[in-house]
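Multiple structures follow.
Here chain A shows up in two complexes: once beside chain B, once beside chain C.
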Partner chain A sequence: MSEIWLRQVYRGVQGFRLHTAASLASEINPAEEEFRTLELKTVRQEKRTMRDRKKTPILPPRYKRQKLDQNWGNVWPTARTFHPATVPFPVRQGYPATGQPTPDKWGNAELMKIPNFLHLTPPVIKQQCEVLKKFCTPWPAGLETPAKQEKHFPATVSTSSYLHSSPSLRDDRARIVTMKVSLKSLELDDHGRDKLLRLVKDHHDPKTDTLTLVADRCPLSTQNRDYCTYLLTVLYTEAMKTEPWEHEKNVADYERYVWEGSRSEAAARALFNARDDSPSEDVLTEYAKVVTELHNEGEDDSSVSRYRESVLKLVGLT
Partner chain B sequence: MAVRAVAGRFISCIHNNELLLCHRSIVGRTRRSSSTQAVEEPRPIASRTVITNPSHHTSDHIGSWYTLEPNTVKRLFGHGGIPKPYRTLCDAFFESSLMVRQPALSTIDYIKRSNLNLPPNKFMLYGNNGVGKTISLVHITHFLAEDGWVLVHVPVPSQWRRVFKEVVPSATNPDQYDHTRDSVMWLQHFRSQNTELLKSLQLETSEHYTWTQREATEVGQPLMTLADFGISRARFASDCVTAIIKELKQCASQDRCKVAVVIDGINSLFCPTSRYRLEDLTYLPPDRFTIFRAFLSLLQSDWKNGVIVGTIDKRDNEGERRKSYLPRYLLRQKGWEALDPFIPIPVVDYDEVEMRSAINYYLDRGWLQSPHSGSDVGRKELAALSNHNPLTFMEICKSI
Partner chain C sequence: MRGSIHHTFHRLLKCLDLRSSLPRRTLSTSIPLSHQEIVIPKRIQRSPTDILQALASTIKRDTSGPHYKHHDDPYLTPASNSLKRMYSLSKESGRKAARWIRDSNPQLFLHTPDDPHIKAFAPTVRYTEDDASEAVLRELVRQNEVSDAITMYRICKDKNIDLSDEAKQELLELVCYSNGEDQLEEDWLEERWHRQTTTTIRKTWNDDGVAEELFQSLGEKKSPAYCALIRGMTQYYQVDRAWQLYKECQERELPLDTNTYNSLIRVSSFLRDASDLRWQLVKELLATMAESGVQPNLGTLNSTLEALTQVAGWREARGLSLQVLREFTQAGIEPSLATYYFLLLIHCRERGPVSHLLLDMLDHMQGRAFQARHLKDTYFFVTAMNIARNHIQNLEAARHVDDLLHTGNNYCLIGDSYRESVYYRHYFALMCSQMPIDQFMEVYSDLSPHIYTPERDVMEMILKFTTLHNALQYIPQLYSDMVAYNLGNQEKLLTLVLSAAAQHQPADDNIELTEKMGRVAEDIWTRVEELRQDKTRINQITWTGQMLGDVLMCLVVSGNYKLCQVVLKDATLKAHTILGYIPPPALRVMLDAAIQRKDGDTGLEVVKYALESGHHETGELALHLRSSLNLTPRQKAKLTTALGTDIMTEATSSDSDSEGCQP
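Entry: the complex of A and B
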């Protein structure tokens, strides 16, 4: 191994001194007589300190600086994503993890995803309405109450229009027309009403007593509107007609229970007449009312107990 | 008294240096205190009444237990009437006791005040599962028997529709089908309940019945001969049932007796399905059974001096028609038209007084073994577990 090769190999090693014949031959320093230590690992004496980064101060949330009587319309003028530091009240949303409370507003993706209507608080709406008023005409006279509106305009026609900012403005859903009519305004008799309800089935809502007709079969909304009008006319005229086969309707087809002429009436009258202490007719009328109610309104504990009371009176056991 | 061994109902104990075999009801439960002295725990006494005649029960007795005499039980319910789980408990307790409750008292009161000149009043007990309709009916049946009513009692009519012994086409009527052995069993039940009464009332047949060329029942024979004949000749048993019912209706209309019809599960008579298969593999509608027609004729209003008491139970309907326990739903149109106008009597779960009384009774009989059953906390737990329902309470107490 030559000296040059050795120097190359151990050039990085501090404290390496090649002990060769040449060095031996030269004058040896008595201090260097000691066996030199081989230091393979260097230990840095000084640690470089990191530069002090400027710490940005975390300001308190904005709502803490808001006054209680501030104008909220200025704080939240338009629809914007929920921002927890600006909204002054605590609100929680989302499914809680096990043992945790519902997630609060800070960093809440659920709150940020959903539309909030903080830009439409009642005072803001009122302000906007005040501004819009100058573009409005007065409400027609004679249509103040819903009853009057119902009387003069019993049918309601609704359509939706759509606007697209795309190569085509059109939307296919704009052709759909919904017509709502209250059956009270049609002034049908019992037979007509029953027939109409059988014809329309699910289109009638018993709670509000309105008939809803939806037309979407024609390409234009004007055509669908005309079709709705035609449909209503046909339903009404058919309901007012009585077909020759309608006399075949029997008790099983009745839509409501009718006590008069039923077996219940026969049995009750037989019992009533068999009584020799001449009870009043009220007993029978009350019994008729209770039995009709039990069948038409549905049976529950209270209607059964009313039935019991009326039968006890009928048999004379009160 | 040192308690040594427990063997079933009897406990062997040493008392005064003698070995005795005592019934466990006499022996109080003992617990060992810290000084190993046996200390008797006071056992709650059930609230009982000594009045055994149900017509003397008043609203003061509500919640109390009254005991039926063994002879009465055998006579009235020997062939059915008390549900089997209840009977098992009565055997365990060596007594047949029932709690006096409001629905039975109301019905008994109405029956007492009924005008018997009118067509029969119909009292129908209704309520959810396990509230105590059948047991109330047992109470009412006991009253009717004590009060001198001829009992026409059908314990389980749904059995004739579902689990019949044998159904054959009727010999007399081609449209009808007879239950041979079931009719015999019912006639035995009728005989057991009414022998003494019919003897004392001296009711006789009003018609001549020709069964075969050689067998006939003459006019003027005691009514029980019809029952005896039906029991001996199963082939004619269903027709005997029809005949007895017809005779009883006639006797009642002639003011010679008062007839009480008691049917547990009356809505079963109006169900449209039975399990009897005809030759064409269709199921027979039960209104073609002879005995069904016989009992349905009793529900008509063409007789007097009668009363009809029944229960409307959803378990007696077929599976698809059990959504509600209310009478109109379970009876359907046919049943409603047959029974209307009737007096529906609601039966409800135990209230606080009755719950307390039931727990005390089980403690008194030694049925509740857990030492905490009688404590306040234990009582609350039992009431909560059973939801105050009598049947559920009986079920959970089996393992306590």
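Entry: the complex of A and C
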């Protein structure tokens, strides 16, 4: 290809950027050609003007349309984040900036963060209770007082069900079953009670005298419930039984302090013998009671002072 | 174990079986434990949502805020009809987009934590050609996928897969019901709500569709196939072929079921021309039904009445309709709302005699909660309100209809958004014309904009009546409502508002109202001017002289003199774009204001405008100006150039007549 032909080609093609073209052009007309600036980024010269969007007219806030005797339950039917335009009363919350009043309800994040109970005003609660009454059966007759309830239904079984705001219904904790029985209702004798308490240890609450059994070892709550029943049955039957080796229980194993046959009795009687006096039964019984109390219930000011009184009486110093 | 279980413990175990502290699913029975019988009542059975429904029944619609589907925020509450439609449809389009994403990318939705599995959340299964089988076809039919099922059927045929008669029957039923077209899914509530269906009755049955093909391919054509095909054809008005099939059934002595007979009765008016022949055909069909021992149902009643509505002009029609109703009620069929709808159509015709059937009907229906039992149940309320407004013009009847609408769950039977708006349109029109204006405005402020946004014609009516009853205190509210409802650029309405505003007489006790009227006029002026600047608008608003005159009057009266000057200047400069001229009373008022403010220049402007408009009262105005103000020599010169030297020497108009009128 001849050079002349090349020049024709390059001149004919518009906007054809090649070094050769440039050099050719510059050779031909160096004076006319101005120095081209290097543009790495193309900058749009004119901003396209945005078409004016039609401004939609805004209605006044909702609280202005609300009447004084409106039914609030219809306005705020469910739990909802606080919205100042719907709530008709002025309410302020938050720490004020210096020299400013407490922030008002408009755009108040503090009010929006906290749970509000505007959906559960007393009239609404009343209305909802009225409507739910048809699902309720009356309380059974004969179970009015807790004492009666305790008498007829001494055992309580508790389960919890869980609701999630998620597609899945399942929750592992729903299988846990708790059974509470008052030991009074089991009507055990001393031996039985003692044996049961030894078997049960921590599951017994001495303050309320209840036995609590918690079962979660089975996957279903019905199974756990049956297990609780089984456990209770087993504990009871074992408590009622007396094993042949139980006679080996000695004083060190006693769960309660028994004064009769103790060293304290021996010492008291020895005291009387030393004085050659017949022991007065009242003093002795009182002494027995006080000492038993000290051992079983622990020491405190009143019990120690009673012991002091009793000892003085015993010794004859009063 | 030593001995038997202790009696107490046995009792304890028994009571454990009977009761737990929390309600269980099983029924609890009562057993006497001791001498005293403790009877525990049986648990009241309830479905999973009964409690929610009970709680929901305590809540009614509150009119101060938007529908719960919209955001309850001043900036996001739609006021006008177009905005309501736009917001709800755009929200739904978001849901559709989400569904599209889910269905086009099923590989992204393999993680399913839901237990038990929720089918609606999973991507829809799309079958391919290789999956072609009868089971798949039946599954598609069950899922109501019409076009997919038809495609699958064709694929099965191409691949020579044998389809059982049951499968073909199922597909035939689906195709007949839907006319081979996909129906709008039930999930798209907003689209269904805003859908505007055409009410013209014409043949839409797809003759070349799959239905006939399927029918022919059935080995032995039994009654269910005929039933399906006849019903489909009558539904889409392919009446001749349906009748042919019916005749075939008669010849072959095939039994047909109730709904097929109903569908034939419904279209009987397309088979005969004369009214009495049509009724005869209906009677024949009913007789055939009775002979075959087919039990009539609600559909029969409604179809018969629908057939009678087609011949409603016939003088026998009304009597027959009542007879039909009586017979069917005696047969134990309870009428639904559609029955009442048809009765209203027959009795309360536009060009027929006035019938007060609606009142009797409403007495009978008072306080009843209805359910949707027939397709045309949703037509009742609109028609009832229409009749109350147009046929009997009775406000009490309208009130009863509205009360009925709000009993129980009857509001569900209003139909779709179009019917709801027509219902309220009739109600508003009736109330506007018959109620005292104050009462009407109470109802208006209660129902609009959230329950019903008035359209242009209704707004016009309201404005006219407000002006008529001289209840001008409502004009500012109506105007701002108009603007909010996107009616602020309707010339007719603006004219009405301005003429009403101009009628307002300022007094000491309504200063606030005067101010408001002034603001209304100002707002109209500014907005219309803005709209006029925008040349791309299709509907251009033209000022009329009357409108501008009203604007001037309002502005003068409220004391906005500066804007008056602007308006006048504008009117003078752009006189060629204004229709007509500012009327003389307005000019007079303007002139008085100018005189009061000792503004000779503006006064001159007024006079010049009057002159250019060719009003007869120009001379009067000029004389008034000259006599009331001490004009500067320059102003006097201007006046003379305009009206001639006589104007200076002329006596005031109180002495002489308007002979100084020299153009």
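Convention: the second predicted complex is superposed on the first by the 174 of 318 C-alpha atoms of A that agree within 3 Å, B and C clash if a C-alpha of one lies under 4 Å from a C-alpha of the other, contacts with A are read in each partner's own complex, and residues count from 1 in each chain.
Here, a contact is a pair of C-beta atoms (placed from the backbone, for glycine too) under 8 Å apart; a residue touches a chain by one contact, two chains touch by 3 or more.
No experiment lies behind these values; they were computed from the predicted model shown.
A.B. asks: Taking the superposition as given, does A:287 touch the first partner, chain B, the second, chain C, both, or neither?
C.D. replies: After superposing on A, A:287 lies in contact with chain B but is clear of chain C.
A.B. asks: Can A:41 be said to touch chain B (first), chain C (second), both, or neither?
C.D. replies: Neither partner.
A.B. asks: Looking at chain A, which partner touches more of its residues: chain C or chain B?
C.D. replies: C
A.B. asks: Answer with first, second, both or neither: which of chain B and chain C does A:317 touch in the superposed model?
C.D. replies: So A:317 only meets chain B here.
A.B. asks: With the two structures laid over each other on chain A, which partner does A:267 touch: chain B (first), chain C (second), both, or neither?
C.D. replies: first
A.B. asks: So, does A:304 touch the first partner chain B, the second partner chain C, both, or neither?
C.D. replies: Touch status of A:304: first partner only.
A.B. asks: Touch check for A:187: first (chain B), second (chain C), both, or neither?
C.D. replies: second
A.B. asks: May I ask you to decide whether A:70 touches chain B, chain C, both, or neither, giving the answer as first, second, both or neither?
C.D. replies: second
A.B. asks: Considering only the defined contacts, which chain C positions touch chain A in the complex?
C.D. replies: 1-2, 5-6, 8-9, 12-13, 15-16, 19-22, 33-34, 36-44, 46, 50-51, 54-55, 57-65, 72-75, 77, 79, 83, 112-116, 118, 121, 445, 449, 483-484, 486, 488
A.B. asks: Using the touch rule from the top, collect the residues of chain A that touch chain B in their complex.
C.D. replies: Touching chain B: residues 263-264, 267-268, 270-271, 274-276, 287, 291, 294-295, 299-301, 304-305, 307-308, 311-312, 314-317 of chain A.
A.B. asks: Inside the complex, what are the residues of chain B that reach chain A?
C.D. replies: Those residues of chain B that touch chain A are 110, 113-115, 117-119, 121, 126, 301, 324, 326-329, 336-337, 340-346.
A.B. asks: Show me the residue ranges of chain A that touch chain C in the complex, using the header's touch definition.
C.D. replies: Touching chain C: residues 56-63, 65-66, 70-71, 73-75, 77, 83, 85-86, 124, 127-128, 131-132, 134-138, 140-143, 152-159, 166-170, 179, 181, 185-187, 225, 229, 232-233, 236-237, 240-241 of chain A.
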